[in-house]
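Shared between the two complexes below is subunit A, which pairs with subunit B and subunit C, respectively.
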Partner chain A sequence: MSKAYKLPIGPVHIALEEPVYFKVHLEGETIVDVDILSGFVHRGMEALVLRKNFLQNMIITERTCSLCSNNHPFTYIMAVEKIAGIEIPKRAEYLRVIADEIKRAASHLFTIAMQAHLIGFHSLMTQTMETREILQDVKETIWGSRMDLSANTIGGTKYDLDAAKTKYLFDKLEELKKPLRELFEIFRENKLVMARTKGVGMLPTEDALRLGVVGPTARGSNVNNDIRDIYPYVAYNKLDWNVVLEEGCDVRSRTLVRLREAEQAISLVEQCLREMPEGPIALKGLPRIVAGEAVARTEAPRGELFYYVKSNGTDKPERLKWRVPTYMHWEALRVMMPGNKTADTALIFNSIDPCISCTER
Partner chain B sequence: MLSASDILTYLVFPGGLFAVLFGLLLLGFERIAVARFQGRVGPPLLQNVFDAFKLRGKEVLIPKDATNKIFFCIAPVLGFVGMMAAISILPISGVYGGTGANSDLIVLIYLLALPAVSNVMGGSASGSTYSAISVSREVVLMFAYEITFIIVLFTVALNAGAGEGAVFSLKGIVDYQVVNGSFIADPKMIPAFLGFVIFLLATLEVPPFHIAENSADVMSGYLMEYSGMPLALFEMTHALKLLVLITVLQIFFMPGVAGDSIIFNLFWYLVKSVGIVAVISLIHASLASFRVDQALKFLMTVPIALSLVSLFLVIFA
Partner chain C sequence: MKTNKQELASTLLSELKLYINAGIASMHTFSGPLGNEDIFVRLNNKEDIASVATMVKKHQGRCVTVTPNGVEGGDEVAYHFCIEGVMLNAISFTDDKTVPSITPILKSADWTEREMNDLFAIKPVGHPNPKRLILDESIAEGVFKEYVSLSEAMAGAATCSLWENLNEAKQGESHE
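Let's turn to the complex of A and B:
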């Protein structure tokens, strides 16, 4: 079978979580090139948000995607606050970090579970999902929902932590540490996991810089573009943490970056809980959004999320545009895939932590 | 000439009805055990039996661009018949003597290759790209693991001959071990046993050899275009293959009997089979899968080396 042929993966395929279509050009078992076709879940959200007012749009942006559902309204709110010139209370800054980091850890663990599934290690997948379940419990207890937290609002946050909830969070995070360490050991040491992920889907540092990839994908190639670090927002510059970088440039490095970031999220949340000042959590009354435009950037679990908002003095935005991290990774896939085996197509695709519903919105 | 008892052994016990049902139950047990190891609930024990019944009533679809429609249709039958024949020649120690023919060990080599051949035949005839990739992997792996099997088989035959040539009768191998102790307790045979277990995992396509029908890229692989009764036949073949391999493992390495009573020995055989399946599911649940090139490299070195060690020990020690 040395003749070149094409293998369709998608739009609906067992290995894919969301609909996207890869036309994989193969020579024997080796990938030569890959065509990516998308647009199967376009919902016209950018047009929809123009018909709703600023408060309703917090709800709509949250529905863009489930795994980074906290970051969409968060970034949108930051942009709107910039237009309105709102300074949020100090306590809200810390509360926003807590919601963000809990979502980040849960999202990373989900991706890693999928990766374990794709290398045929289903026990590891269930183990990772069980670990993630602790975070799901936390989300359900504190925010009342397992996916959409609805934590932020224009001018602050919608939730507060009392003494009982703070203790609960501390306990749960403590409970999370041991299984997380165990997972880290398995992904770093296990021979079979190593054989399937090391040297697979290489994205050299130069290519990562050239293609402008973001998030853990870039940090796995030793490129620091963590928005929390280079363009700090809310309370991130007041906390003690370092950007996680790995030098392997392969699927394994991206996994290790995610696992270490999940561990770091625990430490960040604990710091927030300790250092959080007392005070109000949000501004009183409805804000007035004047005419103007603004951009905001945050570090979503998948990478840099970018929002542009333009208002004209009415209660509805005139234009709302967002750029999601996965969009920057499409082209990077064409660097990662060629030269690898068919069996790794889905694995490499998963390693960029794709979010199709964000990208096509 | 076929006698009535031959037909009975082929259709009811130990072949036919008993083997298919017990095989499907073992498959169900394996699924539950793996699920429990992974912290899931798993399907009901009878799920595979239900599946077989359900598929019997489903429409049989033959793809329009199947490259060879006749091969596509007879492939599942080939594997099924081969496994039925295999189970009817295998002796169950203390219960059933097998055919007793002096060369049935050689016949076994051919019969055991039939399910893989039927997969390859059906997959390549179905005209699907997924099947084509899956078939190419299956062929690659088959060449690698069959070598191990043949070396182990001759090692066992030579060891049962006890220095006076090889015993190519399954009954002879069983009888020798019943008298002289099981080969699994023989240090010379331990490497061969490990090699055989690797062969067994590779044939059954459980992790680390879940490659030819790896759902992450080729979905169902060679079964991609199958539906209805042919698919049910493939499932039953898989169940029979599990049973046949477990029985062969018992014949080669642990045919010990539990007394003179047939009922008791049958019970002992069932318990041993369930125990082996439990070990297989533990391995299944605790390993990731190789890629096909890695699996080939592994199969061409480790199990072959292990079985050769045993062969040399048996010949020269």
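Let's turn to the complex of A and C:
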């Protein structure tokens, strides 16, 4: 009963959100190797952005991905601001953190809900999505959209919080705390969840370092690649928080990192709401982008997001390149999957928080 | 314990000069208000990128990505490395559509070098897995007939006997 099989998953498949193609090599039920093919929906965005001006590109970059949507224009804008030598108002620094952390918590909960679905624990999935719905309400109320917030602009932010909105945010965050704690307990203690996630999809620390993985995938293997910490930006260095690390190197550890970060996001937003200074939210007038080059990075929900901008003094970039977090994780699947069972394929895949729309940009 | 990035950046710069044989065309560092350091180095010889990668590996750094860019007379290839939070951007120039692959040294450069080959036709010479990354054509080769479907395999995962039945049923028609 050690017959070797090849199993195709994708490019379009019920267990995958988006098209990517795995060729899984099996011995019986056990995975021995996996090949990954991508590139089915390449959109040529890096070519498109060269035809648009610096302001239009804020809109395009936000469409790279849904869950990390806030981080794309955010990082792009920070690179442009570096070239132009723009220093944004203090209040905008805090507003940028608030938008980012709300998106992070919502994104993490979505991935975790998918995990509950993949292990067949459907009541837990609905419970997670229901909790996430509080954050979706927040996004819709504050920014007017459930996914793309358009929170940032070159030189500051596009949105501000008045007293009523601040109170609303405080109330909603309070409402989130109890259900989030409950979820954390279930994902940490429940026997069914434990049986399906503990020791599954191992990514040892040395492999995480070698492959250059980022975000919760790295932190679940005890590697601190948190850009908010190692390459601080906006107000993160003024807030009280610690990098979340787990040592299990498995699917469970990556989940726990995400849940702890969702809780931490509440604390970060609350701190911002309390400490945010009064004042303008953006610079007035249009920015002048001189010739130059710059890099910027942020910690998107899935991990490090990198932008490189090169300008030549015109209103359009000469080159704009970005590297999304998931991009670094595909090769890691070839370490995580071998030795596991067929039935865990989709589960391990989900644990890297895959995003094909990001990867294929 | 926090890394002192200014110190690290100046250490890296002095080490770089030892690693690079053909010298540096230009160099500047962007020091951010929050202590972040972005180093930009333009190499005289594209072959030196392997030495830069070796230095990055020695410091347990990683390749963040590679940005190819068509310029007059050839292509500019910018390599972005991260070492303990410091960004090292090494930019080389190629006029013959080839660069030495750094993937054998830094595994983190794997996909981004393959993408460079696909989109800019710049060949990373010595890449261990130089297959297409984007718009893979192998999908047209009828692979669906060659493989078992996931639903069958997942059913087999539930019990051994199911899987054995599946094996039997597939006998004779599976392709090895």
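Simple rule for what comes next: the second predicted complex is superposed on the first by the 360 of 361 C-alpha atoms of A that agree within 3 Å, B and C clash if a C-alpha of one lies under 4 Å from a C-alpha of the other, contacts with A are read in each partner's own complex, and residues count from 1 in each chain.
Assume contacts are C-beta pairs under 8 Å (C-beta built on N, C-alpha and C of every residue); 3 or more make two chains touch, one makes a residue touch a chain.
Only a predicted model underlies this, so the values are computations on that prediction, with no experimental measurement involved.
A.B. asks: Compare subunit B and subunit C by how many residues of subunit A each one touches, and report the one with more.
C.D. replies: The partner with more contacted residues on subunit A is C.
A.B. asks: Classify the contacts of A:I119 with the two partner chains as first (subunit B alone), second (subunit C alone), both, or neither.
C.D. replies: After superposing on A, A:I119 lies in contact with subunit B but is clear of subunit C.
A.B. asks: Once chain A of both complexes is superposed, is A:L37 in touch with subunit B (first), subunit C (second), both, or neither?
C.D. replies: A:L37 contacts subunit C only, not subunit B.
A.B. asks: Considering only the touch criterion stated at the top, classify A:K310 as touching first (subunit B), second (subunit C), both, or neither.
C.D. replies: second
A.B. asks: Tell me which partner A:Y5 touches in the superposition: subunit B (first), subunit C (second), both or neither.
C.D. replies: Both partners, subunit B and subunit C.
A.B. asks: Is A:Q127 in contact with subunit B, with subunit C, with both, or with neither (first, second, both, neither)?
C.D. replies: So A:Q127 only meets subunit B here.
A.B. asks: Quick check for you: in the superposed arrangement, does A:L347 touch first (subunit B), second (subunit C), both or neither?
C.D. replies: It touches subunit B, and subunit C stays clear.
A.B. asks: Kindly classify A:E29 by the partners it touches after superposition: subunit B alone (first), subunit C alone (second), both, or neither?
C.D. replies: Touch partners of A:E29: subunit B and subunit C.
A.B. asks: Looking at A:P232 after the superposition, I want to know if it touches subunit B, subunit C, both of them or none. Which is it: first, second, both, neither?
C.D. replies: The second partner, subunit C, only.
A.B. asks: Is A:N190 touching anything from subunit B or subunit C once the two structures are fitted on A? First, second, both or neither.
C.D. replies: first
A.B. asks: Looking at subunit A, which of its residues have contacts with both subunit B and subunit C?
C.D. replies: Residues 1, 5-9, 13, 15, 29, 341-343, 345, which sit in both footprints.
A.B. asks: Give every residue of subunit C touching subunit A within the complex, in rising order.
C.D. replies: Touch list, subunit C to subunit A: 3, 30, 32-36, 38, 40, 60, 62-65, 67, 69, 78, 80, 84-85, 87, 89, 106-108, 110-112, 118, 132-136, 138-139, 143-144, 146-150, 153-154, 156-158, 160, 163-164, 167, 174, 176.
A.B. asks: Under the stated contact criterion, what part of subunit B meets subunit A in this complex?
C.D. replies: These residues of subunit B touch subunit A: 34, 37-40, 129-130, 132-133, 136, 207-208, 210-211, 214-219, 285-294.
A.B. asks: Show me the residue ranges of subunit A that touch subunit B in the complex, using the header's touch definition.
C.D. replies: Counting only subunit A, the residues touching subunit B are 1, 5-9, 13-15, 29, 116-127, 130, 190, 192-193, 195-196, 341-347.
A.B. asks: State the interface residues of subunit A toward subunit C in the complex, per the touch definition above.
C.D. replies: Where subunit A meets subunit C, its residues are 1, 3-9, 11, 13, 15, 21, 23, 26, 28-29, 37-40, 42, 82, 87, 209-212, 230-233, 237, 293-295, 297, 304, 306, 308, 310, 318-319, 321, 323, 327-328, 330-331, 341-343, 345, 360.
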